[in-house]
Amino acid sequence: MLEIKNIDVYYGDLQALWDVSVNIAKGEIVTLIGSNGAGKSTLLKTISGLLKPRKGSILFEEVELDKLPAYKTVELGIAMVPEGRKIFTEMSVHENLELGAFTREARKEKNKTAEWVYEIFPILKERTRQKAGTLSGGEQQMLAIGRGLMSLPKLLIIDEMSLGLAPVIVQEIAAILKKINKTKGTSIFLVEQNVQMVLALADRGYIIENGRIVREGKTDALLNSESVRNAYLGI
Amino acid sequence: MACLHSWKTFLTGAIAVVFLALLPLLADMGDDTMNLLIMLFIYIILAESWNLMGGYTGLYNIGMAAFFGCGVLITHFVLIAGAPLYIAVLGGAVSAVLLAGVIGIPTLKLKGFYFSIATLALAEVLRITVGNLFPRTVWMPSEWFVNFNFIPRYYLSLGMAVITVLIMYILVNSKLGLALFAIRDDEEAAKVSGINVFKYKIIVFFISSFLTGLAGGIYTYYRLSFLPFSQFTPHWTFEPLMAASIGGAGTILGPVLGSILLVVIQDWFSLNLGQAHYIVLGTIFILMVIFSPGGIIQLVNKAYHISGLYKVRKKRNRVELF
Amino acid sequence: MFIQVLSYGIMIGAIYGLVGSGLALMFGVMKYLNIAHGTFIMLGGYASYWLFTLWGLDPFKSIPLVLLIMFTMGIVVYKIVFSPLVKVFHVGERIQNSMLITFGLLLIIDNTVTWLWTSDVRSITTSYTGSTFRLYSVNLPYNSLIGFGLALLALLCLHLIINNTYYGKSIRATTQDWEGATLMGINVDYTYLISSGVTFALSGVAGIVIATSYSITPSGGLEWLLKAMIVLVLAGEGKTKGILAAGLFLGVVEAVGVSLVGSAYREVFGLLAFILVLLFRPQGLFTER
């Protein structure tokens, strides 16, 4: 579904990604693991069109993403839950969700989708009129994911989901993601530092270091590989 | 800073200054040329003071007219009261600094645009209020007109312009200059690394308004009579700002080049076009901001760069020569 | 007497609010500090002035036409001079560059207008100019009343648009975080374009009100820019909510000050209010932090 083929990405004159290729098939949960500054966020910005690759291509269901302006990627069916959540703190929870359904297609289903999101995350329903800025960290993350789901995505991308959250909450959200993936067939791309959580959830994984993909494979295989265990699990 | 060609620039500058200093002795310049050169020197002082803030610190003073006008007006009244010239000019400059305190203390701790808005607001309020209070042209006593002589005015303004440029050079190459670069490039990072951002900003604002007020004082001494409120019109903000930006903000030479260009263009166009020359000037200015935000200096540097003679030093989107 | 002063303050305060709203909208959404804001207001005033003088169109009936003219101008100005700045992502730098560019625009427009139509002070004098409406002991000029109503109406429309339309949503989202807005599928560039048009349309309404109740000159824009800037600061950065209240506050402070000290110092009160707010409530008068 998403095919990233050999891209090079630059910040101005600084190269941040070298020859990166990533594939995500329909209905799959895939993870990208890497430490701070390894190039994870750069890759995500490139997928969402905020950065453009100098070399290589990004295809989403046969459409060349890198030729489109950034806002179009949402219309195609990619929802991004950015690092730091980037919720609109001055708006209410409900308004945030509505903004998630900004595209023409999603607008029609807006109310139905919102009900569904409230069903998945009941806590959001309780907070519906509250300013998003007043939510706790976990609630904000749920809102950000809910907002992403509002666009009825085929692919949900989540950046640093577990950052700053208590393990219990991370597990709760992970379970919900698994359910969404099962019931709706939504592909999920998790970009993480928290390896344990992610490897338990994902089917396949990529490891990125210094802007290059250094390893890829089934999560079980990655889990068992010594270098991953040393580098990311600290075992 | 210590580029290879900086001594060349110095030498050229020194020759230019010596030439300008000898000029009145060697040739009898007409009044027009005298007026033009004195205005040029005043512009250089103003453009350099704007540049110290706008170019080096990232603080856009869009109400220079307030400090200039304040210098003009106070110097005038102190002179009228019978004080000697240097006291009067100094008084004008110091009062501009006081004004800077009034605006600087509340705004320089906040985001940069508050400072810009406040300076513009100050200039406008002063323009309108001074216009209400002193609606008529003010004059120096008649003996000033009888004894009027260009020569001391010429040397005073030339001397101050040279001193201003030297002050800028020293400041920029001092510890203060380093702090300013840090603040301009990333204020948060500067704060974290222990730079007292507010202190440096206010120091720079004081220096800049002192020089601006000084320019106002010299202008009073040179003009003798003027309409008080017209010294507060945005004209006195635009021109230094344009001179600095067209020449190259964030460089020492830029404002000088920009002032020369501005004075020449104005002299040339205003003969043919009158007031409408501002239309041409405004267009040039906008094109410059969009296509070459580093001004003429950037263009020159690019030419050097293309010809491979000189490696451009980039700092954000501004380029420094010197 | 006091009520008369207060009513003047309130009536002009609404106009201050209107004048401030355009500046605040553009600043909030695009992070452009438009120094030429007052100048565009003057252009709106000139549009209605010439429609009235040449074709006899009543200034309040020509509103749709002036709106259209100004909206189009906003689009054109955006395309030509504003859009290059969209690539400047650093907020501070964008504000600075926008100041420089709009400074240049101000120079060009001011002098073009002077060149075309001289620097005469003009105002629209209709058959009802000068007639007043008496409410108990308070005299209210018809023109000012209509202007007051128009300012309120324009602000109400803006409020409704911002809170109830998809365009309004994209405005609010872009104001808070343009990157986040892009990720929602909002076309930020288009939002900027329309906002520029809307800002200019607001300037058009303000121009009409000012040309009928007060007067217009080529350089008169700066005085209104000053008011707009003070209103922007009183309301708080990026807030369109408190704009009307801030305008009314400024209007009343000025009116009371003038009645106490004299009209020569009118502007000083605005400046004082401005400095005090910056010192003690830099987040704005009406927002709790």
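A, B and C label the chains in the order they appear, each numbered from 1.
Note that in this section contacts are C-beta pairs under 8 Å (C-beta built on N, C-alpha and C of every residue); 3 or more make two chains touch, one makes a residue touch a chain.
Treat the numbers as computed from the prediction; the structure is a model and nothing was measured.
The touch graph of the protein chains shown is a line. If each chain is reduced to the average of its C-alpha atoms, the one that sits nearest the average of all protein C-alpha atoms is C. The centroid of the Cα atoms in subunit A and the matching centroid in subunit C are 42 Å apart. For this pair, subunit A with subunit B, the centres built from the Cα atoms lie 52 Å apart. Centre-to-centre, using mean CA coordinates, subunit B is 31 Å away from subunit C. Counting partner chains per residue, subunit C has no residue touching two or more of them. Within the complex formed with subunit A, the residues of subunit C that make contact are 166, 169-170, 172-173, 176-177, 179-189.
The residues of subunit C lying in touch with subunit B in their complex are 33, 35, 81, 84-85, 90, 92-93, 95-97, 99-101, 103-108, 110-112, 114-115, 222-223, 225-226, 229-230, 232-233, 237, 263-268, 270-271, 274-275, 278-279, 282. Of all the residues in subunit B, the ones that touch subunit C in their complex are 54, 58, 60, 62, 102-103, 105-107, 110-114, 116-118, 120-122, 124-125, 128-129, 132-133, 187, 234, 238, 241-242, 245, 275-276, 278-279, 281-283, 285-286, 289-290, 293, 316-317.
Residues 48-50, 69-75, 80, 82, 86-91, 95, 98-100, 102-103, 107, 147, 151 of subunit A are the ones touching subunit C in the complex.
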